[in-house]
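Notes follow the structure.
Letters A, B, C and D mark the chains as written, and numbering starts fresh at 1 in each.
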Amino acid sequence: MGVLVSNDSRLLVQGITGRDGSFHTHLMREYGTNIVAGVTPGKGGMVIEDVPVFNTVVDAVEKTGANVSVSFVPARFATSAIFEAVDAGIELIVAITEGIPVKDMISVMRFIKDKGARLIGPNCPGIITPGECKVGILPTTVFKKGRVGVVSRSGTLTYEIVSYITEAGFGESTAVGIGGDPVIGTRFVDMLELFKDDDETEAVVLIGEIGGSDEEVAARYIEETDYPLPVFSFVAGRTAPKDKRMGHAGAIISGGSGTASEKIKALEDAGVLVAKLPSDIGKFLKEELGEK
Amino acid sequence: MGVLVSNDSRLLVQGITGRDGSFHTHLMREYGTNIVAGVTPGKGGMVIEDVPVFNTVVDAVEKTGANVSVSFVPARFATSAIFEAVDAGIELIVAITEGIPVKDMISVMRFIKDKGARLIGPNCPGIITPGECKVGILPTTVFKKGRVGVVSRSGTLTYEIVSYITEAGFGESTAVGIGGDPVIGTRFVDMLELFKDDDETEAVVLIGEIGGSDEEVAARYIEETDYPLPVFSFVAGRTAPKDKRMGHAGAIISGGSGTASEKIKALEDAGVLVAKLPSDIGKFLKEELGEK
Amino acid sequence: MKIHEYQAKQIFKKAGILVPEGDVATNIEKAISTSEEIGLPVVIKAQVHVGGRGKAGGVKIAKTPEEVKKFAGEILGMDIKGLTVKKILVGKAIDIQRELYLGVITDRSTNRPVIMVSTEGGVDIEEVAKKTPEKIHRFTVDPAYGLLVHHAMNLAFKLSSDVKEVREIASTLQKLYKTYLDSDASLAEINPYVLSADSNFYAIDAKIVLDDNALFRHPDYEEMRDLTLEEKIEHEAKEKGLSYISMEGNIGCVVNGAGLAMTTMDVIKHFGGKPANFLDVGGSSDPQKVKNALHFLLMDEGVRAIWFNIFGGITRCDDIASGLLEAVGEMEIELPLVVRLTGTNEEEGKRILSESSLDIHFVRNMEEGAKAAIRLSEGGG
Amino acid sequence: MKIHEYQAKQIFKKAGILVPEGDVATNIEKAISTSEEIGLPVVIKAQVHVGGRGKAGGVKIAKTPEEVKKFAGEILGMDIKGLTVKKILVGKAIDIQRELYLGVITDRSTNRPVIMVSTEGGVDIEEVAKKTPEKIHRFTVDPAYGLLVHHAMNLAFKLSSDVKEVREIASTLQKLYKTYLDSDASLAEINPYVLSADSNFYAIDAKIVLDDNALFRHPDYEEMRDLTLEEKIEHEAKEKGLSYISMEGNIGCVVNGAGLAMTTMDVIKHFGGKPANFLDVGGSSDPQKVKNALHFLLMDEGVRAIWFNIFGGITRCDDIASGLLEAVGEMEIELPLVVRLTGTNEEEGKRILSESSLDIHFVRNMEEGAKAAIRLSEGGG
């Protein structure tokens, strides 16, 4: 029972007929995810990977009771797909798509606020509740059912760090990549809140990177709420040159804010142990939570 | 204590320095309305009719605690004035202005829904709580404190009918002109709800006219809720030619809906006594509520 | 403001909606040259501000140059429900495969725009609404977000299952909604929206009703105004701040407020009289308006008595009285005058009139006024 | 994408914001002719994508034709923070009465646009934010309604008490916000926004940063792209789906994912090595990308070792391996290769490489990889 998705999640795949959509539908089903429907306009009636395809999300929801969606829809149509999912009553949307214009995301987030849904991403690897269900593109092999909550702005770096968590004998309650774009649906603080109330999570690993101020905001939250769980962190980009865009739009350092050193300082001031190397995370966990 | 405004209302006049604004500020104060501020951009610091003028509503609210506004701002700037009042936390806005484009009102109403304020009008005469306070342009002489709630889509026709209510020995708890435009802030049903819960109202007079379907909606509401107060009505435009615009945008009959006869039938079917002549309203009240 | 089909089509065309080639004509020669340009067959359609022109014979298909000449000649000058046809639209005839309905209207009950679509195009949509309401699909637009792509797609999937068609219809719906917004329309409608035999979609008929209150934002629409004589008078009155509609009767009414003005007519009829007009001098008070009002009243030679029914609010009775005095000084008014003044500055108004030398029949209320006006209009004293 | 001041001013001018007359010049002759056209004095400003050009001597006021010639000559070709000035803006000098700051940025913490205004114009706004934060007034725009008139007026009243000025500032704020939206900017800024001695408002400096993800909507902006050699390479890489940034070091890195790529650099440095680049082959898997990545790596002659650090997710290890094999087949690669493959299709990828004749140093994890790459880059075996 993860904090976002579980065996009860009834997943809808938006863009199921595309290359990535069908490939990952296969992998997600293989992992045990309950995929009840796919949507691609004009492909209604098809069956892909044993999943019935619908023309519209509203149709799919009506006929299958889908309550979570994952979207592989290309950037130019991606916000429309999110709007559609939210409007059809989907409670949780995971947008894998990268390259969505920020202005479009601003509109989407306003809409989501109105309708009370939750978005993960865009430009993110998705969510996994190890042993139960995967919504997204994360490679399942590194994950193991356990009690560490993982939240990350990165994709592959998440897998890297999770591999050390798992290697150290721990496992993950929920691991989620929230995406690195400037405008995203769910931020560190939101995940910290969910983990706080989760009986199955006993520590949190927060994987940050340069750009923005989400790490600082999270640090403030941890300090102000006297956060009940131990939090460990790694921040990527300590050696990144200033003012360079490192791969995705979120990772810009400009002026005096958004640098790794500031983020690390803020986190450390809030009592968070910040790792210098990804492998440190495994060591921290062992030291703080005891050998498993 | 009216259902909309009372001695506790702290009124702000938007467009106070204009011809109508200053004239009616004088009349409203004369009637006893507690006018605490006026707003005209660029006239901040002035005093009109003993009322301090501010540049912005937010300033006025901050400094005077105004909670109700009445707007005499010309049509082209009128929606901006409503947005401003709502944004500054004004709970009740009365828009006297006529000629506001419908599209602008659609935006305003969306905003009001978000913010939880109430709008009366536009293109309306305003509200009076006889003996306490007047917000708008209604001539006070015909009104008398009493227990009949009056709601009307018209202006002068309201005064006409109220004069019969008063003449018949009754008075009004609250009388409100909600305006005749297609898009208005408060409709018959909203007022019926307020009157229902008001201890000081024992009957309602509903003054309708051709166009739209608010009378039919009100009739349905009365029937479905088994409305606890007696309702009397007059509908103007029985002899109006079809498809002609009678003075304001709301009064269009087109196709098979919006005619006076349909409205009268709907109201009568809901148990409402509908008057043929304005003077009938006085007679109805006497017959139903007894001589006063 | 109503505009003609050909004008609405110009607006739609600018918005990227496909309309059949064609042009407006006011004479047979232009109709012929247009038909030569676009090629036969053509549809010739009367351009009048009234429905039911098809049934009245105002729409004809011409397959030969002779027929163009014949039908254009027949339709130009035709009388449709009292209106003379002065313009025709000559448009390329489209081979029809399917007819749909697309429309956007302002919905008063929700204060929002509503999109309506139906597979039953080409017929009166209100009839469809009555007989087979399940065939009309409605969607209320949230103005904070507009008509989003998936809204348009969901509606379009109700009309077709071919995704190419669906995308085309959805795209047109978005253009239609944008047109509705950009033009400040209260109605924008394509009926029928046609899938042609060669698989293109056309707006075969087009209707746009513009919001009069918003015309100040669209000075370019002013030239689209095409008024009948009667409408011209109403429009002229409107420019002077008056709402004036001429009727058949003989009692000229000057009233303040639309509701009261309608009620004045209702009461006159109730007592057996005939109002000559609806006339609302509006809310704001101005003696000049009274003069203008009398000017319009006196253009109507059928008027036998004039009734001022004024309940002052924002309108001041003294302003009305002064206006009336001034008007009488300038115009020759020999008709009997019934005056009812109540409300703001009532005493002052009555005093002004009493002190004049005018022969005025003062009444205390509307019913007395109606009765007096009827009596006087019938020659009574 | 960053654009130059003169380009931002063109966009602002189109949006109806007043900018001083002027033109861009790439040589002294054009600078002189422009100054003759618009009249002296003129301001000559270096057009480079870097801040602090004023302090570096890249902004000069010329009062005589001689000074125009002199300053244009000095600034053209000047080196500012490593960038050579190739363009200058020659603009009419404005007699300044007051300097304000107006800006719109996307606020990541609220997911909404924020308007910022200040009476402290003409200076570094981040300095103002640090030293006198009370002098910066912020307003977060609700995207459902946009920047409404009263929002703009309320902000403008913070900058002036003269209602004429207030209306002008408010109007500019609305144009600035519209520009921000219409151009898909992440930042649109006027600093300073100047009240001139003759009481006009001018955008004296202009800054717009465009959202790369939205450039497909603005094909006309493509010609505004003005890249340094380094940026050109990055841009070329981007067009091939790669994120590539050249650095000073000697270990060429090929990584999938931005976070992992940054961490790869961090880890190399941690162990005392020097990364030659940041290189993210992106999420989607494609052997061609690996070839392209090696192409960029090999352009850098300082590279002494190549390290593939791949953690497969959406990227498949076998695709990476195939791409590497193909690339080696086509290009001559004599540099030592360190390979770390983990994740999706890991075994398959390793098998492909093992079966080849390549001399590959396989490592199990990132830290091992960093150490191996460092050793090899220093000539170790």
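The definition used in the following text is that a contact is a pair of C-beta atoms (placed from the backbone, for glycine too) under 8 Å apart; a residue touches a chain by one contact, two chains touch by 3 or more.
The structure presented is a predicted model; accordingly, all values stated were derived computationally and were not measured.
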Far-end chain from chain A, centres as C-alpha averages: C
Chain B and chain C: spacing of chain centres that average the CA atoms, whole Å: 27
Interchain centroid distance [CA atoms averaged], chain C/chain D, Å: 55
Distance between the centres, which are taken as Cα means, of chain B and chain A, whole angstrom: 51
Residues of chain B touching at least two other chains: 107, 110, 114
Where chain D touches two or more other chains at once, by residue number: 144-145
Contact graph of the chains (line, ring, star, complete, other): other
Chain pairs that touch, as defined at the top of this document: A-C, A-D, B-C, B-D, C-D
Complex contacts: residues of chain B adjacent to chain C: 20, 24, 75-76, 96, 98-107, 109-110, 114, 125, 137-139, 141-142, 152-160, 163, 180, 182-184, 207, 209-210, 212-214, 217, 234, 236-241, 244-251, 255-256, 276-279
Residues of chain A defined as touching chain C within the complex: 41-44, 55-58, 77, 80-81, 83-84, 87, 107, 110-111, 114
Touching residues (chain side chain C, partner chain A) in the complex: 144-145, 148-151, 153-154, 157, 161, 163-164, 166-167
Chain C-facing residues of chain D, complex: 144-145
Chain A contact footprint on chain D (complex, rising order): 106, 108-109, 111-113, 126, 130, 142-144, 181, 184, 186, 211-214, 216-217, 243, 245, 247, 255-263, 265-267, 269-270, 275, 278, 280, 282-284, 311-315, 342-344, 346, 365-367
